[in-house]
Amino acid sequence: MTNPNNATISTVHHAEFTSGHALQIPTLRILQDDGTLYEGATAPELDKATALKMYQTMTFIRVLDERMLGAQRQGRISFYMQCLGEEAATVGSAAALDDADMIMAQYREQGALRYRGFTLEQFMNQLFSNEKDLGKGRQMPVHYGSNAIHYMTISSPLGTQIPQAAGYAYAQKLRGLANVTICYFGEGAASEGDFHAGLNMAAVHKAPVLFFCRNNGYAISTPANEQFKGDGIACRGVGYGMKTIRVDGADILAVYQATKMAREYALANNEPVLLESIAYRLGAHSSSDDPSGYRSKEEEELWRKNDPVARFRLFLLQKGWLDDDADKAAIEQLRQDILEALKVAEKVAKPGIEHLISDVYAEPIPELERQLAELKEHIRKYPDAYPITSGRM
Amino acid sequence: MTNPNNATISTVHHAEFTSGHALQIPTLRILQDDGTLYEGATAPELDKATALKMYQTMTFIRVLDERMLGAQRQGRISFYMQCLGEEAATVGSAAALDDADMIMAQYREQGALRYRGFTLEQFMNQLFSNEKDLGKGRQMPVHYGSNAIHYMTISSPLGTQIPQAAGYAYAQKLRGLANVTICYFGEGAASEGDFHAGLNMAAVHKAPVLFFCRNNGYAISTPANEQFKGDGIACRGVGYGMKTIRVDGADILAVYQATKMAREYALANNEPVLLESIAYRLGAHSSSDDPSGYRSKEEEELWRKNDPVARFRLFLLQKGWLDDDADKAAIEQLRQDILEALKVAEKVAKPGIEHLISDVYAEPIPELERQLAELKEHIRKYPDAYPITSGRM
Amino acid sequence: VAVASSLPAGHKALASPAVRRLARELSVDIHRVPGTGPKGRVFKNDVQAFVSGTVSGAVAAPVVPV
Amino acid sequence: MAKMNMLQAINNALDLAMAKDDGVVCFGEDVGHFGGVFRATSKLQEKYGKARCFNTPLTEQGIAGFANGMAAQGMTPVAEIQFADYIFPAFDQIVNETAKFRYRSGNEFNVGGLVFRTPYGGGIAGGHYHSQSPEAYFAHTPGLKIVVPRNPHQAKGLLLASINCPDPVIFFEPKKLYRASVGEVPEEYYELPIGQAEVMKTGSQVTVLAWGAQMEIVEKAVEMAEAIGISCELIDLRSILPWDVDTVAESVKKTGRLVINHEAPLTGGFAGEIAATIQQRCFLHLESPILRVCGLDTPYPLALEKEYVADHLKTFEAIKASVNF
Amino acid sequence: MAKMNMLQAINNALDLAMAKDDGVVCFGEDVGHFGGVFRATSKLQEKYGKARCFNTPLTEQGIAGFANGMAAQGMTPVAEIQFADYIFPAFDQIVNETAKFRYRSGNEFNVGGLVFRTPYGGGIAGGHYHSQSPEAYFAHTPGLKIVVPRNPHQAKGLLLASINCPDPVIFFEPKKLYRASVGEVPEEYYELPIGQAEVMKTGSQVTVLAWGAQMEIVEKAVEMAEAIGISCELIDLRSILPWDVDTVAESVKKTGRLVINHEAPLTGGFAGEIAATIQQRCFLHLESPILRVCGLDTPYPLALEKEYVADHLKTFEAIKASVNF
């Protein structure tokens, strides 16, 4: 490509379309449903400790999701989102990273967050938006974030983190850090203009980002075939001149392998890589959603068999790295722990009234000080109407 | 593609990237610089009248551009944009359309506009934003538009017409019209989020749009290789599952042929097609720009040889459809006509003061009526300060 | 009732626009009206009192129409 | 007449509009088969087909651009933005394109048929990305009309008028009231006027002005004020752009006082425009400063929503302060 | 001291900021080698390398998103939006992301280092897509700071303060003055305060308030008013968010009158916010209604720009009307 148009210069003299499906990208699969490897596949190098950490992270999330969806049903938290069916995608990719790599997630990546070490208490404090929440109780449940573990606080507007990841990774490169940024998003969010902007800018400015698309078949009720007409999301990589790989997102070994390879490449070459995880959003979109309005139980059942946790469990059992009984006991213990932590967190006070105006700016501007003073005066007049704050002023 | 993820289901067991340049799209070329066809190429069917209309449109634009840039230099108009080097791209594509197909252009497509029959007077009235301008003198020079000839009024914000074209074409389809929409944009504008949105929506909703990207190597000073890293713009078609074709944009036969084929396909299948024209923006970006600050004279000289008008002229001469002397005389006449028309248009009055508030809404809202009345009163107080309107109120 | 004297020229009244309107209607220069409110705020009563002559010098200052 | 909640009234309006005119097309994220995440477009795909009621890809700028294009062709797109908080990616298409389409072309083209429907506002524990009231962001944009209904009856009549309007309209739906607000709604087609405020209750001492979901709240405050002997005139603005200056000014000329309430943050909110205009129009009638009761100048909070919002108590206090000034 | 025009002052500020701190990075469309279409970033790529001063692809939402990401990492991006008219595709990234970054994370992350520079305003025969003054669109957004300089000296000091500010700043540059405004500018590093208005001239009868390119225009009007014996106090607001209520209120308490001028259309413009606040703060001091002299409620026109704009004559008339009310 040496012409100013930055395009191929080969010539044809007969008009013919390039097909919209000229490029078909295969899916990397390593681990089978029964816990054995595909013929011809080799497992990535993975020591026992890491493998177990990956597994335990998956089960943690599985149990947490189950419990917290229950808590939502009981009215104890206002909202919840599971990652059922996509545990391998988020845990497997996170495990392939360095702890100081930045994670910019969409909202369904609690697997990556937990892998980084977000504690049960931290989960609970966020979910109950209490005063111990790192985010000061400002966002809806599941909008986690932690500077200490390099997990960017979730922002609900979809796709916005994609160009941000390009900028973040570019800054990492400029700083001379040996770290990449991973940016997760759904196949729905990949329709946003920010997707286009982010991938293109990362490619042009050579930013070491791993764009990790979780194609899980649905964006709320919208099926992927009403979301795009191309071959998944992976086929877009070529549009940005970007190396791309597609993996079975329910196969933690494939995800781990691909992400590791992508990270190495990105870091060595200061280039972004596009990864597409093919999995299925087994649960509802969120606690506010009921999928029976838009997809069949049969479809769900079919995919329920494709369980990423069960698959990896079988692998570990066969390898002798996991003990069946001990695992079952650990999961039971986890259930207890979560229940305990939940009971503690829901009793922790809400953030103080000063946090209504803090963090809008580095320091409150005068108008905000004025508004807070006025508000406090008002609350003093009607203490009963503002029970959460009136007692603590 | 039968899985819910709407993606290829073939499998590999060994991790390997798909290259960012896995897809390389060749360029359709039919007409050589010397006016003969490439070996193995066949000229599209084109009757003499059409061929001459195409040629005359190109020369018209060439002369108009030259004259009006001059007029801008003399301070007679405030701004101008040439399409030097891209006449074949815009004229060749317009010639392949039906007169009732909608044209949604960026701003450098005066070739298509003229081909549709925009008159010299109409050009001039717009350029002088006088009261005869169809656009009521509201936009900068070159922001043409005409409902009668199905040429959507230009909007300066880049890329905005791309999703609009998808919607327009979708409406054409719903209305049962046998027409398509053609949407022109630069390789620079193709970086906007609206590009992504527009192409994806057109593909998903099966709208008969021809997305015609004029890749001319530059977006103002930004060269294409700082604009994207993929293989031109054409390689993005596969990302949208869209048929795509790349043409030599200085070769009017190739452009005509490709557009004709694309139009037929789009109409027959209710599908969008992506076309990429590879040419070179021979002039400055606009009258406000001086390219010597960002590219070499040598590069420009190299491309100046690649003249789309000269090339087609030779073809027509060789075919015996054009008479050298008559053509030269016609061009001389055109110069005169333009000068005359310019002199007329610059003397036409500016739009009346009522047009300050008309067309903001279908009918002026009360607040606008109030503001206009107040303004008129003010002007009556200071007639000398508002000479354009005070005498005509 | 103590009779206050009208305020010197150059003093600026504290008054709501509605009170200012009343003063205008009664051809009173509001700035000369002593106010009984906090910080000397002029109320409608003050304007009326001013006009009804309970304030010395009140009638001395008719406002000339402009 | 039938009892409907606001969603049913909106759904009914869309149904009537689609039945009446082939050119009316509804789309947006999850709007098709599923009927929208709030179910405002429920059953419309079933009834009018996939071509006229459909899901779009997840791109608000695309939705708005697509709508602009359809409307330019002469159709009547009714596009849904799933939450008003997510209308900002479409800001350029709306503010630079929709609003200027007719003007810039000298009326060669227009997008007059277009309606953007979008649920706005707080009170649903949604935090700052599911609670915003962005009407003021658009109110600075000549070429747009902006409408906010307060109940099902208003919603239906105003939505039908918006769809029938020759200018593009942003129709903000108070999502807090979607199911909570229930009322009698005529089953047949009817329109309510755009650009006209409604005096809901006359009074003599203070004018209280709001719109949308806040109407319920200010009504409560007005009740409290009346109970202690303050006579209030209550106005629902209904249209933000154009807004009904005459009705408000007439009221304030009578009462001499004005309290404006809105959900959005104070600074730059639309109450500022109203206060600025009314202090000029009614200057000599003002007995006390125009007061604004609004959200704080922060993003919409999650944990302390009660404290943040422009509630009935704050409004009641403002009414008292206005009258006792 | 050196004579500089506004572009030179801005270029000089960027140069000093980049020299002082490695973390300062300038980018935007055509910003690199070419130095920007107005040449504000001239020579910076040469001096600091392509990594710290570069062209971006043509995507404002991408530029803003990229800037957010860099700033979140701790760097100090100074991103240029080529024309303020083209800032709207970045609206979501700015209003939903930049502005809420610190708040939503409970201060775990912030984009405090970020500056968006963008040329705004009319008077250059640019029509409605090269003349807009969109400050009010952003002023409704807690979390942002908004600054508008009136001359080269102010531009340099305010830009350096913006770059050094721990909050994200939108820096609107009056492009009409880029080359037209020339003045003495200190060559060394200095900052001027954000959030503080400047009283440029004291007076007793009426306060006249504006910002940016309008300062020249209102100065002219003030001269005319003084010539007929009206004593004016002239204030440059300088910061739109936060704005300096105290300075303005103090002035209006003294003069009893206020005339506000801005380029943007009247309805929903920032003058509304100022008038609303000041009528409340200074209620009992007001001798006449606060007047707003603004653009008409239409897109910025091309052909009849003179008639449209908030010029010195309209301002002069408003000053007279204010004093003679």
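Labels A, B, C, D and E are assigned to the chains in the order they are written; within every chain, residues are numbered from 1.
In the analysis below, a contact is a pair of C-beta atoms (placed from the backbone, for glycine too) under 8 Å apart; a residue touches a chain by one contact, two chains touch by 3 or more.
Source: prediction; values computed, not measured.
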Strictly by the touch rule at the top, which chains does chain D share as contacts with chain E?
A, B, C
Remaining connected clusters, assuming chain E were absent and nothing shifted:
one piece
Which pair wins on C-beta contacts, B-D or C-D?
B-D
So what's the Cα centroid distance for chain A and chain D, whole Å?
35
Using mean C-alpha positions as chain centres, tell me how far chain A is from chain E in Å, no decimals.
39
I'd like to verify one number: the distance from the centre of chain C to the centre of chain E, where each centre is the average of its C-alpha atoms, in whole angstrom.
43
Mark out which residues of chain B touch at least two other chains, giving numbers and ranges.
136-139, 143, 155, 157, 191-194, 196-197, 200, 204, 226-228, 355, 360, 367-368
Among the residues of chain E, which ones contact at least 2 other chains?
54, 57, 59, 61-62, 85, 88-89, 92, 96, 100, 103-104, 128-129, 142-143, 267, 283, 286, 289, 297-299
Sequence positions of chain C contacting 2 or more other chains:
16-17, 20
Pairs of chains found to touch, sorted by chain label:
A-B, A-D, A-E, B-D, B-E, C-D, C-E, D-E
Enumerate the contact residues on chain E facing chain C in the complex.
256, 283-287, 289, 324
Chain A residues within the chain B interface of the complex:
1, 3-30, 38-42, 187, 191-197, 200, 203-204, 215-218, 223-246, 254, 257-258, 261-262, 265, 273, 276, 278-280, 299, 303
Touching residues of chain D toward chain A in the complex: what are they?
29-30, 32-35, 37, 54-55, 57-62, 85-86, 88-89, 125-130, 266-267, 296-299, 301-304, 306-308, 311, 313-314, 317
Show which residues of chain D lie in contact with chain B when the two form their complex.
25, 51-52, 54, 56-57, 59, 61-62, 64-75, 77, 89, 92-93, 96-97, 100, 102-110, 112, 142-143, 145, 166-167, 195, 242, 245-246
Chain A contacts chain E in the complex at 102, 133-139, 143, 145-147, 152-153, 155, 157, 160, 162-172, 174-175, 181, 193-194, 196-198, 200-201, 204-205, 358-363, 365-368
